[in-house]
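What follows is subunit A paired twice: with subunit B in the first complex and subunit C in the second.
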Partner chain A sequence: MDITLADIAPLSLGAAILGTGGGGDPYIGHLALRHLIEQTAPPTVIDVDSLADDAFVITVGMTGSPSVMLEKLVDRSFADAAVRRFERLVGRRADAVLPVEIGGVNSLVPLMTSCVTGLPVLDADGMGRAFPTLDRTSFGIAGVSPFPVVTINERHDTVIVEATSHERGERISRGALVPMGASGSCALYPMTGREAKETTVRGTMSLALALGRAVEAARAAKADPFEAILATVASAKPKIFGRVLFEGKITDITRETIGGYNIGTGILSSGGEDDATFGFQNELLYLKQGSELLAIVPDLICFLDSETAQPAMCETLRYGQRITAMGFAATSHFRTAAGLAATGPASFGLRESYVEIERLGRQTPAAATASAR
Partner chain B sequence: MLKIGVDVGGTNTDAVLLDDNRLVASFKTTTTADVETGVRDAITTLLRAQALDVDAVDAVMIGTTQFTNAFIERSRLTPVGVIRIGAPATTGIPPLYGWPRELLDVVGANRIIVGGGYEFDGRELAPLDEAAVAKAAQAFRRQGIGAIAISCCFAPVNTAMEHRAAEIVRNEIPDAKLSLSSSFGRIGLIERENAATMNASLSALAERVVGSFRLAMKKIGLKAPFYISQNDGTLMTADDVERHPVLTFASGPTNSMRGAAFLSGLRDAIVLDIGGTTADVGQIVNAFPRESAVAVDIGGVRTNFRMPDLVSRGLGGGSLVTTADGIRVGPRSVGFELTNKALVFGGDVLTATDIAVAAGAADIGDKSRVAHLPPSLIEAALAEIHRLADEAIDQIKTNSKQVPVVLVGGGSVLISRALASAPDIRRPDNYSVANAVGAAIAQVGGEVDSVFSYEARGRDAVLSAAKEDARRRAADAGAALDTVRIVEIEEVPLAYLPGRSVRVRVKAVGDLRAAGGR
Partner chain C sequence: MDITLADIAPLSLGAAILGTGGGGDPYIGHLALRHLIEQTAPPTVIDVDSLADDAFVITVGMTGSPSVMLEKLVDRSFADAAVRRFERLVGRRADAVLPVEIGGVNSLVPLMTSCVTGLPVLDADGMGRAFPTLDRTSFGIAGVSPFPVVTINERHDTVIVEATSHERGERISRGALVPMGASGSCALYPMTGREAKETTVRGTMSLALALGRAVEAARAAKADPFEAILATVASAKPKIFGRVLFEGKITDITRETIGGYNIGTGILSSGGEDDATFGFQNELLYLKQGSELLAIVPDLICFLDSETAQPAMCETLRYGQRITAMGFAATSHFRTAAGLAATGPASFGLRESYVEIERLGRQTPAAATASAR
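Right, the complex of A and B next:
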């Protein structure tokens, strides 16, 4: 499947829905990808199953401070410098690239790589959503090492990190990134075709595109975009459970920046029923109605504008916004004991125990519709 | 102190006279094509009615939407050459990328990225490629381009390379009109560069419009200084506006909100400004409009302007009232044709104004022409008008605390009932000239916006230096130093950076000092 200019807007929209309130403002990624496609060939997306078992696959993304990216933008080598350096390092050409997460700007970086190198992009990622740290990946949980991590800036200053743990590696990389100018591209999580088949979250690039197209079509037809989203996830392969969790208005929001993360809580009020409360660390972590849990990480919680279904970012949530909260089941990779240890409530310091979204919540008409599908 | 405020709108030119911040008189006339005649007419009529000599006036403040309208209509714009300093960074997205085609047809696509720029902490990213700047300037000169925009990576942290590049350009094009991105604040290269480019495209118009203001003042015989109001409700000198016309882009809504605060005597309130076609709702905090936190698109171009945070609805005096699909009010409007299309003016279109007149809430036109409207229709339309206003007011709030709502603008007669979101609604006297009042009471401001390391200097030292710097900038801009106060401090920790790097923005404002004082 080729990604055309007309696909960029729905793809960014779908990725923002799956970004669960985080993933960063995709504006710069969006412009850079457009510009690249106009100058080169359209990026190609392939199914993971079309890879040979011994194929060589590399994950690519951006790294650094989103605020710095607002000034330095991206440079012409952003698309391929990290992956080319990685190939020289290990002495092997890559056969494909993939995004570490499907939410926000990182979902667009491999497409830029594809424009320049011609390498196909896997229809897959490591999260099926966005998470605030790069260690919460399906491949990491399955035992694939992220190292070496190659980080490169616009001057081609390069840092190669091999560390004894995810946490130490992340700290070393960030320390090195500051004198490099605090923004760059990176290549990490090298894996074989077989590992990609076994450990990635599949079909997420085409899911993002389908979600974006469904919402755009519903808007154009003046149809219900939330129904369209539910229909899209229900027909995904494998089928993804989803439902409308709550509709209301934000009546309270507090946030602060701790350790570089956007952390906060808020209240959604619907007038009639009990209020809902939510929490976020870059991405939405949980949604509760009264004392009753509606959804919690790693399941996806997405806040969408009640009128337009435009995804709301946690960074810009504000009082008075009308929100329709939707929830989707996390990939099965995160529902194992090891998966929950890395991505479940306790990994974010939450006291609640994880309960699958399918087993939570009151039966609303929307939920009944979704499960009848 | 005797001040005159003038609002040069698309349709009307309004003028008000203030004596020591007391409204003495107001006058409305139509805007003239040359601008100058309307302004002159408004000011002289005002002075004559009060039997005042022109020498009694201490200052004239003008608010205008001329530049905004020109950019949105893509008319009267000048071709621009853009030089960005930032390679090898920033090269993935060229200047002007994503601008609407019809705008590029007028402004041109003359752009280049040269070597240079800074890192977030002010270190050099690369040395300035002076030869490339000179070469670009020569190429622009050959094409007859004299309006040049210069941007630089992290210019808000260090402005030196932009200034050096400006020098080089001036060597090649001595009469170049230069717009530097560092004059337009904030982190965000694309938005800042867009602002500089928009500014450069308005440079010829700015000379003309400011020239016509100068001519009007000269013909009136005014010797006192005159100022023009900018986006954040503070004043610029005529020379400033000639150099930075783009900074007037949002002065319309800002003036109406500031005027509403003045007329109502409230410092914290929500302002509902209803015109013929749209209703704008904003919030004033400490007598200044709360600014938008998100990037604002103007004429299809993304900007970083200090714009009031507004919620706009298609609700105005001319809004169409239809019954085909349940009762609907707006967003379509008869606009400026209200006075011949509305029922009360003998027309055949049912408008929101007709509903207000039929309900007895307003006395406009001929009331007998709406006597036939069924009470159920009037009631349903009134309910819809108030629902729209209620929803917009509720959206602008940042918390559920009740604040008074001030109604201004000619269309505000539509609101005659209590609103769920606002039990306390006020319509002050002179509500229809709030814009001109807002211009007359404008203050002078100074701002600092940059990235600092709290680890290196300590938070207290950084903040007090920034405050002092903002105060000094306000005084340099014409504020009386003893009235200058800090109205806003914003600290944004830069995520993922150690050294406690924080983006600090401090804004100071003060009253205009009388001529000669300090």
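Right, the complex of A and C next:
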């Protein structure tokens, strides 16, 4: 399918929901993508199954401060720079690109690359959400190497990293990124068509678009956008479990920047019942009500404005903001032992054990209504 | 010429003299090179003029904490890793290697590469001394690009930097280097045979060896090693101006580590006359007596033990140490306007103007004797 101008707003909205509070606000990339489409051609999204097994696929994304960098992608000579350098490095042309994560601005990056190069974008990603580091991917967990990682800034300064572990590669790339201006466009995780079929989280570009369209339609019809979201994930293939976890106002929020990450905790108060507490590292990591866990990584926790269902970003959460917290089951790639080792609570230094969202949780009256549909 | 086991000690000694107080103590690399020669073949050093104009030459060196890394070069799979990765990157085999700087441990790195690969080492380098950053080279000043810069650590984590300015490239490489373990083996400044002929500082490997042999011979004969050094540079082709600048004891030394550099100042006192003051950033930058300049970068200032002529390192200068300070004229590559912009006092944040060492200086009685020869 082609992504038209009319698709950009709902796609950005859906990607912001799946961003679980981080991943950068894709609304900022909205205008950049619109501008590129107007100047070039609409990006094409294809099903992973349409790839040949020996096709060559490159994952693309932004690293560092994506909001800053995304605006640079309007420059046609930059939107394809990382992929083109990658191709020259390995001596092979790409057959398709895909996003490293569907949550946040990184969902838009391959579309911009597609506008300029004509390469199709896979309807898939490596997370089905956003995570603070690029090593937490379904491909990486399945054994696909992220290396070489090509990072390029808007001056076309380029760094190529080939490390001997994911974690060291991430630290080396971050070390190089600061003097590059703290943000860059990346090409990484090269894979074959067969590997893409076996290791990606499928259908997530379509899912983001469907989520955004459902919320827009509900707003236009003055219907309940949260019900629309739950109906959308329930009809996804495969079906995704979702639930409203809590509704309340932010009564407490603390935030620090540590090692380039936005780290903090906060409280949601609903008045009657026990308060809910949450923690985040760029993205929301857990939500508890009293001592009871409501959801925890890798399952998705999404804070949406209680009136409009507009996604709230952890960077800008503020006292008094009225939040409806929704939760969704993580991709099955993250629920294996290896997947949980890479993306579960312990990987973020949390003491809680992982429990699937399906097996958790008090429900608020709203949630009970919504999930009874 | 082949570099034999007997050459290693004098070559290391001469390279330490030309290290102007920095560049890492080549004595540490001594055993590593000996070990490699015993296991493989002696390295070969060739004159730059024996290269074909279209030959392909790669510059090699260590970055970060060279003393640590040099010991890793004993590993045969590591001594050629940076050059081999560079060759694969650009799709061309090297015909020769050369040191980025002759001062300090970097003079030994291409010899180690030669042992393992059989590639000849050029009798030339990019500085005729040592400098704290790899962008201050005769090649760079002449317009040869340092990029791509390939850096590899002993785990074989690899970073390739292609920046759009020397200075940004240096900062990006340093940013990546910290998580790599703060030291690495580099291949950079690829050039043709013709560029090597036009832009390198010639004959410096031979010069280091001759300096070391002269000091060893003087010690054995109980002759004056400082006179032996002056005689050696006077008979170099082209002749290098040299002089004893000052003799005294260190009565004051302050040192800080700033941005990975060893930065400081100190005082040499001779008793009778005015004290001399000096400053360094890894290498010695200037030497003044009272308000009078004795020598300043890019000219070489070398602190040698007054008894043995053993080179003193800025990292380990200590109160009471008896120093004979010698000075030598910089290569003519550094005395042009472009050369001084890259390597002169202002490039190190010093306020003094550059004056050639030949036009400077009170002489101590010892210096007067030596230069009267």
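In this section, the second predicted complex is superposed on the first by the 345 of 373 C-alpha atoms of A that agree within 3 Å, B and C clash if a C-alpha of one lies under 4 Å from a C-alpha of the other, contacts with A are read in each partner's own complex, and residues count from 1 in each chain.
By our rule, a contact is a pair of C-beta atoms (placed from the backbone, for glycine too) under 8 Å apart; a residue touches a chain by one contact, two chains touch by 3 or more.
Computed from a predicted structure; not experimentally measured.
**Q** Is A:I160 touching the first partner subunit B, the second partner subunit C, both, or neither of them?
**A** The second partner, subunit C, only.
**Q** Would you sort A:V178 into first (subunit B), second (subunit C), both or neither based on which partner it touches?
**A** both
**Q** Applying the document's definition of touch, where does A:R168 land relative to subunit B and subunit C: first, second, both, or neither?
**A** second
**Q** Which holds for A:I28: it touches subunit B only (first), subunit C only (second), both, or neither?
**A** In the superposition, A:I28 contacts subunit B only.
**Q** State whether A:T316 touches subunit B only (first), subunit C only (second), both chains, or neither.
**A** In the superposition, A:T316 contacts subunit B only.
**Q** According to the contact criterion defined above, which of subunit B and subunit C contacts more residues of subunit A?
**A** Touching more of subunit A: B.
**Q** Intersection of subunit A residues contacting subunit B with those contacting subunit C?
**A** In the superposed arrangement, which is not itself an observed complex, subunit A uses residues 155, 174-175, 177-178 for both subunit B and subunit C.
**Q** Can you list the residues on subunit A that touch subunit B in the complex?
**A** Subunit A residues touching subunit B: 27-28, 31-32, 34-36, 64-68, 70-79, 153-155, 174-175, 177-178, 181-182, 249, 251-252, 257, 260-262, 316, 318-321.
**Q** Please give the residue numbers of subunit C that touch subunit A in the complex, ascending.
**A** 89, 155-164, 168-169, 171-180
**Q** Under the stated contact criterion, what part of subunit B meets subunit A in this complex?
**A** 86-94, 97-98, 117, 119-120, 125-126, 153-154, 187-190, 293-295, 302, 394-400, 492-499, 503
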